[in-house]
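In the part that follows, the structures are each spelled out as structure tokens.
First chain A sits with chain B, and in the next complex the same chain sits with chain C.
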Partner chain A sequence: MPNSFWGLARKNLRRNLKRNLTTGSAIAFGFAGIILLGAYSNRVDNYIRVYTIYAAHTGHVALFAKNGLDKFGFEPKKHSFSKQRQLEIEGLLKNDSRVEMFEPRFSGVGLISNGCKSIPFSAVGIDPQIEEKLMIHPEVKRWTPQIESIKKGVKLVDAVKISSVAVVSITQKVASALGKEKVKTEFDTGAAVKVVDCESSVALPQSDASVQFLGNSWQGGMAALDADVVSIFSTGFDETDFSAIRMPLSVLQSFYDTERVAGYSVWLKEASQLKSFIQTFSAALNGPSLAPEPIDLIPWYDESLSPYYAGTIQFLNAMVGFVSSVLALVVLFSVLNSTTLTVLERTSEIGMYRSIGFRKRQIQTLFIQESIWLSGFSLGIGLISGFVFVEMINRMKIVYHPPGASGGLQLVLVANVSAIFVWAVVLLLLTIWSTRFSVVNKLKWQISDLLGGSGR
Partner chain B sequence: MIKKVKLLIGVGLFVASSPVQASPSAEQLLKDSDRSRGALLEVGGMTWQASVITLENDDKIELGYLIKIRDDDAVAEVSSPPRQKGERILFNDRILWFYKPGLRKPISISPRQRLSGQAANGDIASTRYARDYEGVVKGEELVEGSPTFVLELKAKGKNVTYDQIRYWVSKQDHLGVKAEFLTLSGQIFKRAWFKYANQLTVKGVQYPFVSEMKIQDALNDKNLTTIRYFSPKIENHPAGLFNVNNLVK
Partner chain C sequence: MSNRPGVSAVPIIELKNVVKSYRLGEVVITAVKKANLQLHLGEFTALIGASGSGKSTLLNIIGCIDQADSGIVTIGGSDVKQLSDNEKSDLRNQKIGFIFQNFNLIPVLDVYENVELPLLVNGTVESARERNDRVLEAINDVELSSVIHHRPDQLSGGQRQRVAIARALAGRPSLVLADEPTANLDSETSSKIIDLMIALNEKKKVTFLFSTHDERLMSRVKRIIHIKDGLLDSDSGPAHESGT
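Let's look at the complex of A and B:
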């Protein structure tokens, strides 16, 4: 008597085609649903991850003076790095083979004015060279291609080469509030900058790309800066778009009259080295050869550093976990229900197998092989359907508006192959288990009961 | 005991024999107190120096200003430290402009904006509470042992330094001695105390003139800014000095 019944199992499946099609559909569509959900979760997770690390200049690790993340805004002098400390840190970062690149962090607040109207700004100083590298980074190209380019104008890295005046990138909302929606390249370069007559009926703020910044200098007194708007960008979020400004780091430092920086953003060649980097670099920074200034190294996913990422992913994981579990349970109960009924209907058949010499284990194997055929075929159909749905949705270019995000975001699904494999194995095992569960109970019966069907 | 009774009777008779004086109006009190804080309307022009010393977060910052006044206009020019020399704040009535060397044009600023530490731009030049605020005398109190009128001031317009002020004006010489600056909702956010050790003679009459304004953060006592006023004098200035278009030249 053979121990493998693949051929017989396939024939048995055909005999109960209607019921098996129903069971197979539950598995296939459940699997397709899980693929779609996983593809959405995969894309959102990676989009926000790459946005946080690269587009928001957070880096894989952020390095601050002790408590600098919380207190730099209130006591900037106390919680920032001196020029000497910057040289020490930069020396260590340059010599660390794990580091891909790094950028000093510096930010500040104040008022931006068009000559008549002022609104608050929150400026981030960036290194235009690093910005350029970040925007062409393979991770950015792959996961967030739409935020690679600025909305209008020229990049800061190009603008600084040609402008004698400080250059700045502002958001669309700031531009609209100040009437500065045209960037410098849209005006005659020779046009003189005039004091705006705010009482005049002519809307003069729109006559040039000039804006002015006002704040408080780190040395006391007021800080002021003339700049030209060279580009319009978006932070991706409504809340920050109302006041966000980007300008070269050196310009922002000069505005506040300081050489100090708040910290560093560090990008690693391999994200997997994050934990070991934090451990070893922290020891090196606080080592005996350097100034005894305690330093905080914060991983990019830390809630204090990236609250949007942490909050969104926690919510997403909870939602995807719940929906996937419901889908898996639906599949499980469908299969369990179907196999229980099938086994019940085939009680006499099991009795016949037993009477002609089939052992219990062989009958169990036969049913499990039927189950593997069914679930394997259904998972295959589900896999194809899932990928077809993913492709269809991507081609439909559906734009949706997540809460808090500025502008629309195209719904793009990216299937996660490893997650699909895991789910396929889980569903297969669930199917096998539910079949075995139904058959094993039936096999405990006497042959006479099975043949007579008296146990029904 | 008899001596005390005699003293009480004596005081009572003195008070009773004094001529009855009506309380001055809030407007009059503000006009009088403004005079000693730079609003000498009859002289046309004035000059003084000020140093703004800020103690904040264990940091000390000191700035020197030369202030020139002509009617409703004023210019405050930074005289120290050297790296900030040439920075100017122009007050065209209630419109303020800031200019520093290197700027292509002056920047329009608000009198409420922080000048340094607790001091707002509007604190450095002459004070025109009588013009800018609606005042009501709310009562009388002793401030450091001296009797004062307590005034409540509400801003007449938006372009003023503070929304509401509680202002203590001495009964004896009508000088503003203490102030509490309030938000629109009535919360105190700054307190100030004034001293008048300077003297200014106008048409033969000597007036006390403000020598110190100490401004303290209501939420953090350690954050303190002191404005000291030196060498006040009557001086005429050309109108062109107060023209925004001349700031850049």
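Let's look at the complex of A and C:
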């Protein structure tokens, strides 16, 4: 018994061409809109994900001493790892095949000064080698190519090799506050340090790249350090750019006079192994053979660890989800309206099919095949126009300024293929379901009633 | 059982005490009252009655597109009540042909495709060639070969009804039911359609049962059943053929 009527179904679409064109356009535009939105959210999501994990040195997993994330800033000694513990942890991390790389986490606050003027700093200690690896990571190359976190000067990894004193990277805002906008390499390396005349009423040109740090040592005393500014970088955010500085981890540790670290940023080879890593690594670290020092393993997307990521994504998902749902609803209503009307005006036709021997299931199949033709064709049009729009927008090179971010970003859309597939299936099922729903209701009728006044 | 020449002894349709009523709010209208009827292969029968007399109701019950409240309807030896919905579909597809007053053609399909429709779901027609042969034969029978690729809106009323007749014939049914097939046609075209049906009955032995309220057709029909207020009277017709 034949059960498919693709040819008949296709021809039947000509029956109410106007309505089918309207419905088809609704599906196509709705789908194109969903593709655009998805491309936008996909792009932003990946951008700030990669930014958070790599550029911000968060890692896929942040490892802290128990409660260290919240309390390290207040009681650093209590919520940090001893050298002994560091060796244990690093040994385990090195032997874990899932781990791509790791970096100790260390940070501190104090005052940075040009000799006349001091402002507070918030310093992050980084491993210059890791910094180097992160900057050329494929994920970074793919999703955040325009993040040039170093605006000027040399990377810390290179600076360490050439400088005889401590080196530091500061943000543009800190640099202009201190009048240290020229970096070390812009001065003659051999030049002697000149004393700044703070009383002078005339603005003097910057004479060197030297800054001084002041802070509290972990051992209770005061800590001071001279360093050369070797580069200007940006955290990517206005708020943190006011006080952020970066120094090699070992320099920062010796400034605070400690060997301890706050924790570790751990990058995995496969992001999909995140959950299993958190489970098993925690068990291994707290295993009986090791000192029972409890730790926290926090995934990168956790709100307390990456508030910017979490907040932005929540907002983005809410917005994109809302607009997509509105689009999907518009499509749904358009499709429902069309299928209901189609089935309604074709009541006596359904009666005719029944009277010449079509089984209920066959009529249902016929109508569903009609709607598959219609929605399949429309989804195809929507897919093509969606990609064309994405391409057009990318070529227009629109620069926009997201709130809180320093500098402009180019609006780049990257279509999310798997989401497009899911939405296409959803929209297809939607039309099939709504057709099925109307037809099945009609098929409950007596055939003589379907044929109606006209048939009798 | 039958004394009519060319008519087989075993009835293809048999109604016994068939009753059908409709309820409209408080009012119950009995559209068909205790109908008894036998139809044999090769017969050409008219069901004549005034508007509202129950012609359509009776034809619908015979054609399995409506259900009787009580009584027994036997088609080709099987009790309709015992059949599943799919079995009834197959019965309509293979044993019964329908012709409607308003033709009920699909506007986007041409003559060929409209006639082909019932064969799309006919499980006994397996090869595409056989299907094609049957469609062409049916179209030839109603003399529409010259407009085979025209769509309904390019045809006259009489031609459209011929398409409907061809569609009813394509499944080679043992019985063709036609509910006022000429009601939407002018009298000249009507009589041509009746001529065609008579010719098909004589040449191809197609069994016809059609309803009409047009008394002028009476003289041209072998067997006439009158229906009045849901009641069937005894058959009437040309004297030598009366009585069952």
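As a working rule, the second predicted complex is superposed on the first by the 432 of 456 C-alpha atoms of A that agree within 3 Å, B and C clash if a C-alpha of one lies under 4 Å from a C-alpha of the other, contacts with A are read in each partner's own complex, and residues count from 1 in each chain.
Going forward, a contact is a pair of C-beta atoms (placed from the backbone, for glycine too) under 8 Å apart; a residue touches a chain by one contact, two chains touch by 3 or more.
Source: prediction; values computed, not measured.
Engineer: Is A:Gln446 contacted by the first partner chain B, the second partner chain C, both or neither?
Structural biologist: Touch status of A:Gln446: second partner only.
Engineer: Pick one for A:Gly115: touches chain B only (first), chain C only (second), both, or neither.
Structural biologist: In the superposition, A:Gly115 contacts chain B only.
Engineer: Quick check for you: in the superposed arrangement, does A:Pro138 touch first (chain B), second (chain C), both or neither?
Structural biologist: Neither partner.
Engineer: So in the superposed three-chain picture, is A:Asp226 touching just chain B, just chain C, both, or none of them (first/second/both/neither)?
Structural biologist: In the superposed model, A:Asp226 contacts chain B only, not chain C.
Engineer: Residues of chain A touching chain C in their complex?
Structural biologist: Listed in rising order, the residues of chain A that touch chain C are 1-2, 5, 8, 11-12, 14-15, 348-349, 351-360, 362, 446-448, 451, 454-456.
Engineer: For a test of understanding, state which residues of chain A touch chain B in their complex under the given definition.
Structural biologist: Chain A reaches chain B through residues 74-75, 77-78, 111, 113, 115-116, 118, 165, 193-195, 198, 210, 212, 214, 216-217, 219-222, 224-226, 257.
Engineer: Mind listing the chain C positions that touch chain A in their complex?
Structural biologist: 56-57, 60, 63, 65-67, 85-86, 89-94, 97-98, 100-102, 104, 106-109, 113, 117-118, 120-123, 167-168, 171, 179
Engineer: So in the complex, which bits of chain B are touching chain A?
Structural biologist: Listed in rising order, the residues are 52, 54, 57-59, 61-63, 78, 81, 83-84, 87, 89, 98-100, 102-110, 113-117, 244-245.
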